[in-house]
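Several structures are given next for inspection.
Below are two complexes that have chain A in common, paired first with chain B and then with chain C.
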Partner chain A sequence: MSTPNVSSVATADEATAPRSNPFRSLNFSARFWVALGFVVLVLLLGVAGYFYPTSSSEKVGSLYDPPGNGLLFGTDNFGHDVLAVLMAGTRTSLVIGLVAGIIATTIGVAIGLLAGYVGGWLEELLMGITNVVLAIPSIIVLILISISLPKSTMWSLAVVIGITSWPWTARAVRAQASSVATREHIDVARLSGARLGGILVRDVLPYILSYAVMAFVLQVSGAILAEAALSMLGLGPAGADSLGTQLHWALAFQAVASGAWWAFLPPTIVLTLVSFGFLLLQASLDEVFNPRLRRGKRKQMKQTQARRLAEAQAAAATRPVGGERAGVGAGRARTAHEGGRS
Partner chain B sequence: MSTTPSSAPEPTGSATRRRFLAVSSVAAGGVALAACGGGSGGGGGTKDSTLPGIGNNGKIGGGRRGDAADQLFLAGFQFSPPTNFNTFAGAPAWPAANNVAQYVYETLLRFDIVSGELKPGLAADYKVDGTSSVSLTLQDGVTWSDGTALTADDVLYTFQLGKIDPTLTVASFWVEADDITASGDTITVAINQDRKNVDMILQQLAVQFILPKAVFEKVASETGNKLASWETTELLGSGPYTLEKADQTQIILARNEKYWGQKFYGGLPAPTKIIHPIFKSNEDGNLKFQNGELDVMQQFVPQIWKMWESGKPVGTYVKDKPYYVPGSMPMFIFNTTRGALADPAVRRAVAFAIDYASIAETAMSGYSADVQASLIIPGGAEDKWFDGDRAKADGWSFDATKAEKTLTDAGYAKGSDGIYAKDGQRLGPWKLITPQGWTDWNAALEIVAKNLKAIGIDAATNFPQQAQVTTSVANGDFDMCCWYVSGTNPATPWQRFSDVMSNVELAPLGQTAFRNYGRWTNDQVNDLLEAAAAAPDDGSKKQALTALDDMYRQQAPAIPLMYRPDEFFEFNASNWTNFPTQANDYAPPMFRGAGNDWLFKIKKIEA
Partner chain C sequence: MKLGQYIARKTVWYVVALVAAVSLNFLLPRLVPGNPVDVIVSNLARGGAVNGEQQKQIYEGFVQQFGLNAPLWQQFLTYLGKVFSGDLGTSFASYPTSVNSLLGQALPWSIAVQLPAIVIGWVLGNVVGAVAAFRGGNWDRSVFTSSLFLSAMPYYCLSILLLYGLAVVAGIFPVGGAYSLGNSPAFSLDFVTDALQYYWLPFLSLVIVFIGGQAVGMRSMAIYELGGDYVNYGRAMGIGDNRITRYIFRNAMLPQITGLALSIGTLVSGALITELVFNYPGVGTLLFNAISQNDYPVIQAITLIITLAVLAANFLVEIVYGIVDPRIRAAASGER
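Here is the complex of A and B:
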């Protein structure tokens, strides 16, 4: 996919490097690997809770014991091990993010596909609803729903976040779907008698799948942040630890003023890692899926061009008489370079 | 200061509104316990001193310069812009709210939370005639800040307002009193002979601000006797300060140079102005306090010892743990109309399941002594009524095995889900409620929920907004809640027994109750309460209170979770010294009641 758009002259050594590596051919940039590193780190932290000896609800010390004494991050306001709480909290936050992300993406893609493909009054109606929902600040809706819930668990929280964050996905998907709807293969499918559902899933969805995946990644990170915001206001899951509830208690017990940095810094850093990691992942996936954004390409072009230039110069130097051939080679390389830029 | 000997406990009373404020930052206090002294540290321009009433580390600050040197900066009572100084309004601004401080309005008597005495206020002394009447004599030459005289007429009118508009808090005076009359400077209150509750009368006399008749008569006629609806930004009181200015950021009181009490208190108060800056949160105030920009405050500070350990001249009344004088006990109240919560065995099992020490240590930042199985607060003004041996013998303490044993003895068995049940009645799921943002109570309930789950009771916390919790609790729409009952006052512990157990005018579910929110019923308790209220002497009173306490321990309709101070009293000796402390105990560590005593005695540090 990602082979530079260079014509066939002097292809031998160029092919060996980039094409022999399948990942390279997918064009995963360094930024992708860094992002993946962050996300994996956070995942590992969440999973590590299963193997950590101390439970997150076990009282191991007093109010805000400083780090030391076998406790890497000291204790929180309940006297619990901050590291244990952090692991449990990361897990809860990831689960909430995942569930909310799936719900939001599913709703958004479904509404977007339907509206974009079917068009007409249905599109007007669905997009009307979407625009209305979009116009209401979702954090307010979130707070109102959370307050009115009789009991707040991580699942209810995930659902609430999921059903309030779909609109932008729906709008973006609709735009893509309505463009796909005008393509010829859709007509073919329709003529061959495919039903609406079949067309949507088999003929439209695959074209916007890459976009849906990226939207999902963004939804997950957004949901994790939304959970943190709600929990910090005290609307978090009852009896469960999450990154947000950890920050909530740190705020309530004035960890900042007490100088208990170990109570609020670890969850803040993990939250930052999560959201930064997911955003970066989304951006780098975008590059993979969208040929126009490929970053490696320009660099590869330049390398190729430089190599050719060097070859040409070398050839010119060794065979000063055969100037014609060298000139041709150099000219091709320049053309290719310009083509690549456009 | 006055020395009119009198012994009677003190009022606490209608402190709900300000307690809401105070409580949102709550912590607890307890009796003096372990030692954990003030450390020492350097810095911040503080210097060592041997003066009384200074930081727990023996340090003082360098004093302020300019006008601010003579002003007292105080906080912890007002967290929103002051809009209305009508003492009867829903949420009057500080210091107009009843019983917050005697800076502008004053009361007839002033309660001392340490000694339990009633000190003279506007009244020079008081006499109790058995259980039939209380008579008081007004001080000489009392005037309002506009120069007009404060007379017995003003006093009578103040209490009559409770009849003019029965929705006012002062109306509760007429539950206990039959009549109030005056002859010259002597005022006599005739006690309701059905109730004979002397302490409740004294409590009212100690919390009710005396108001100027001239002003409130006009208000009553203008508002058609709906005094709560009146809005004002002016205050006419008899106290040592007048309201000078109030805006979004601060309330400023200026000294009344012609204060009537100069002879009584031995001069004018030391600060020329009292300034209450308005902070959005405790944390803002605590930071200013730490830096010496506030002199004294009533706010919850977690781990306050860190302040003096880091060298700040910060002090508390009690130098060692628990630092504060205990004055109230947040109660864990069961709704006894809900399923298995009607069973005393279940309630006692819960009492055994709770890790009180954890709550005191973490949720209350160590400001609470060990909680006893009693409705009487050990230590301080109520100590003389407390029977510690009985509380130990048939009370409870944290013991998870005993909790489970109590349940199995009563016939409960664990189901496949790990939760106890009997006859198909499962212990849970129950919700533990308390208002969002009352952080120490939130944390305490989190601990309780974990404790209950650990022994096999299905419970989870839920923290709605304050208004919603207030309604739910009063209407009996809850499983279990953490809520307050009377703090130490002239009428406690009796009033607390009444708050928790009284079956008088028991409100049905769905209607507003003013006491016994858990709707616990018993056919003997009213007689016991009556006997305790009308007890003619201390001996028989203690006997009656012990009988009530015994019944309380058997039935456990509510459980104290911790002790907390009635008011947090903490000072920063960076500009003023001679604050009251245990070693310098000329005044109690409080703002209301007798708490204005120290205002006249603090000393400026010369910069």
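Here is the complex of A and C:
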């Protein structure tokens, strides 16, 4: 996130909020640092694999050797070092998440921008397609495509996950883009003869960027989880370790029932860290980009007793705007709200 | 926008979605280079599960069933005809069992574990979320953080942790399966009490995640409503807290009810991997086995049923919403 962009978001808020110090919004909350800590931990784990002496496909023991003997997490069902497999798997999962996240966010932002800015029949068409894709459960499409592929690699999986998970980003971006499209500076750009592409990239995109960043964060974790689900169903990347395939083999070889906790707990914990860390990161970014949310939080913490009063005051000062909530919900709670307030 | 117009428009889009979904279901496997039957039959041969004669029978059966020699459009029509008459084909892995009967065995298990989990989780989650929003303070913060954590955790991770903690380490529940060895499904008291012991773990793992998700949603909706203009207005008018709470609750419930309906739509697909973890004989386990055996008719049937359920639930929700809330109709036509 570049600085001019953050301040532009803040200035946009200034118009509606009485508060007028744009740099206040750069105060990251404690929650942000915790979330960032989780994410960095997972990243480090993935990178550490490059420096770890044992290869993930090297046989160092027999079936489910318990931790010890220089092996921090013992061995898995193939006799591989669980820690080595975990690091390789984390890396694969992160790569899949990043690639899929980039693809999904790019498609989603492009379609959302175009639909929201241009409007008319193009918007109808693009949103129609988006809604159709949204209505078909993506896990089903993922399963069907994975079965149809002769052999799935981590790259093909990443692309497949990417091209099936853009719709909700497109919808959120469209809502933002159509509100930006009515602002004065767009008219100025249009009158000065800027082209459609130029206006979209230079005049509309900056206002969307904070949403795009948050959407990207969630897309990455969503893709990692989607890969894990597919792999556990037996559709994982061939010849590569991922967090999902690690769990797949652990389940297939009865690691849980036989009490070999070292074989299944590490990937389970890393997946949880990924999921929770990225969601928390998105939520705290939301607070950074949306100062109003944070102010509400702070009051909540400090004035427990006078909470209702504070809430009423805050509401009187800043009327909640519809768009404020568009970026917030994207976890499982999102589906619950979309029907209601989209 | 008039109600009729709104419904007509939604219907058109959902028909498009249905056609797209069914076509995907039909087309995707056929985009594979080579004949899918060859792959399946050669896989069967490699596994040694069937002899040459059976193999030939299966091959011919499949070619005939789906009319693979006919042009694609004709195949599609045949496929549609079969699907609409309720015939989902014949399984390969357990030839000649029909897919219908396989699904018939698996579906009740999935529904039995999901439906109570969704309904109970929904009720508890909404209560927890609403109380957290109204009470605020530390209570709210701890509930919110733990709910967020639970709802963010992949549901299969929680399943694995519960299975290990409660069944393997603590030994409270049996490890995996749906009933004791030697028992077989029947509507007897003996069987039901036996099955109930195996039921708790999958149920718990689903319900806990669901409570978390619902509580997060309800809390944020209630807080959002607390800041609404009508609340301030009501307070200024001196309306009692109880009545305001009732208004807030009613407005915050609307999206939650949508959530309930949509979750019921994912009844079949919501627990795919939970079933795998617990080795529960539902649709998830059926799908897993079908995938590992390249049992294409079964996979196709499961994906179709899940899609139909989700589409139907979405459609019903949108229609009901259009009737209940005129703002939605206005938004759909861009009048807002």
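One rule holds in what follows: the second predicted complex is superposed on the first by the 269 of 342 C-alpha atoms of A that agree within 3 Å, B and C clash if a C-alpha of one lies under 4 Å from a C-alpha of the other, contacts with A are read in each partner's own complex, and residues count from 1 in each chain.
The definition used in the following text is that a contact is a pair of C-beta atoms (placed from the backbone, for glycine too) under 8 Å apart; a residue touches a chain by one contact, two chains touch by 3 or more.
Please read all numbers here as calculations on a predicted model, not as lab measurements.
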item: Superposition-derived comparison: chain B or chain C, residues of chain A touched; value: C
item: Contacts of A:Gly234 with chain B and chain C, given as first, second, both or neither; value: both
item: Which superposed partner A:Ala257 touches (first chain B, second chain C, both, neither); value: both
item: First, second, both or neither for A:Pro67, with chain B first and chain C second; value: neither
item: Chain B versus chain C as contact partner of A:Ile147, first or second or both or neither; value: both
item: Chain B versus chain C as contact partner of A:Leu280, first or second or both or neither; value: second
item: First (chain B), second (chain C), both or neither touched by A:Lys59; value: first
item: Shared chain A surface residues [contacts with chain B and with chain C]; value: 147, 150, 234, 256-257, 259
item: List of chain B residues in touch with chain A within their complex; value: 282-283, 286-287, 290, 301-303, 306, 355, 358, 361-363, 365-366, 431, 436-437, 439, 442-443, 446-447, 449-450, 453, 460-465
item: Touching residues on chain C, where the partner in the complex is chain A; value: 13-14, 16-17, 20-21, 24-25, 28-29, 31-33, 136-138, 140-141, 148-149, 151-154, 156-157, 160-161, 163-164, 168-169, 175-176, 213-214, 216-217, 220-221, 223-224, 226-229, 231-232, 235, 254-256, 258-259, 262, 266, 269, 272-273, 276-277, 287-288, 291-292, 296, 299, 303, 306-307, 310-311, 314, 317-318, 321, 325, 331
item: Chain A residues within the chain C interface of the complex; value: 128, 131-132, 135-137, 139-141, 143-145, 147-150, 225, 228-229, 232-235, 247, 251, 256-257, 259, 261, 264-265, 268, 271-272, 275-276, 279-280, 283, 296, 300-301, 304, 307-308, 311-312, 314-316, 319-320, 325, 328-329, 331-333, 335-342
item: Residues on chain A engaged by chain B in the complex (per definition of touch); value: 57, 59, 62-64, 77-79, 147, 150-152, 234, 238-239, 249, 252-254, 256-259
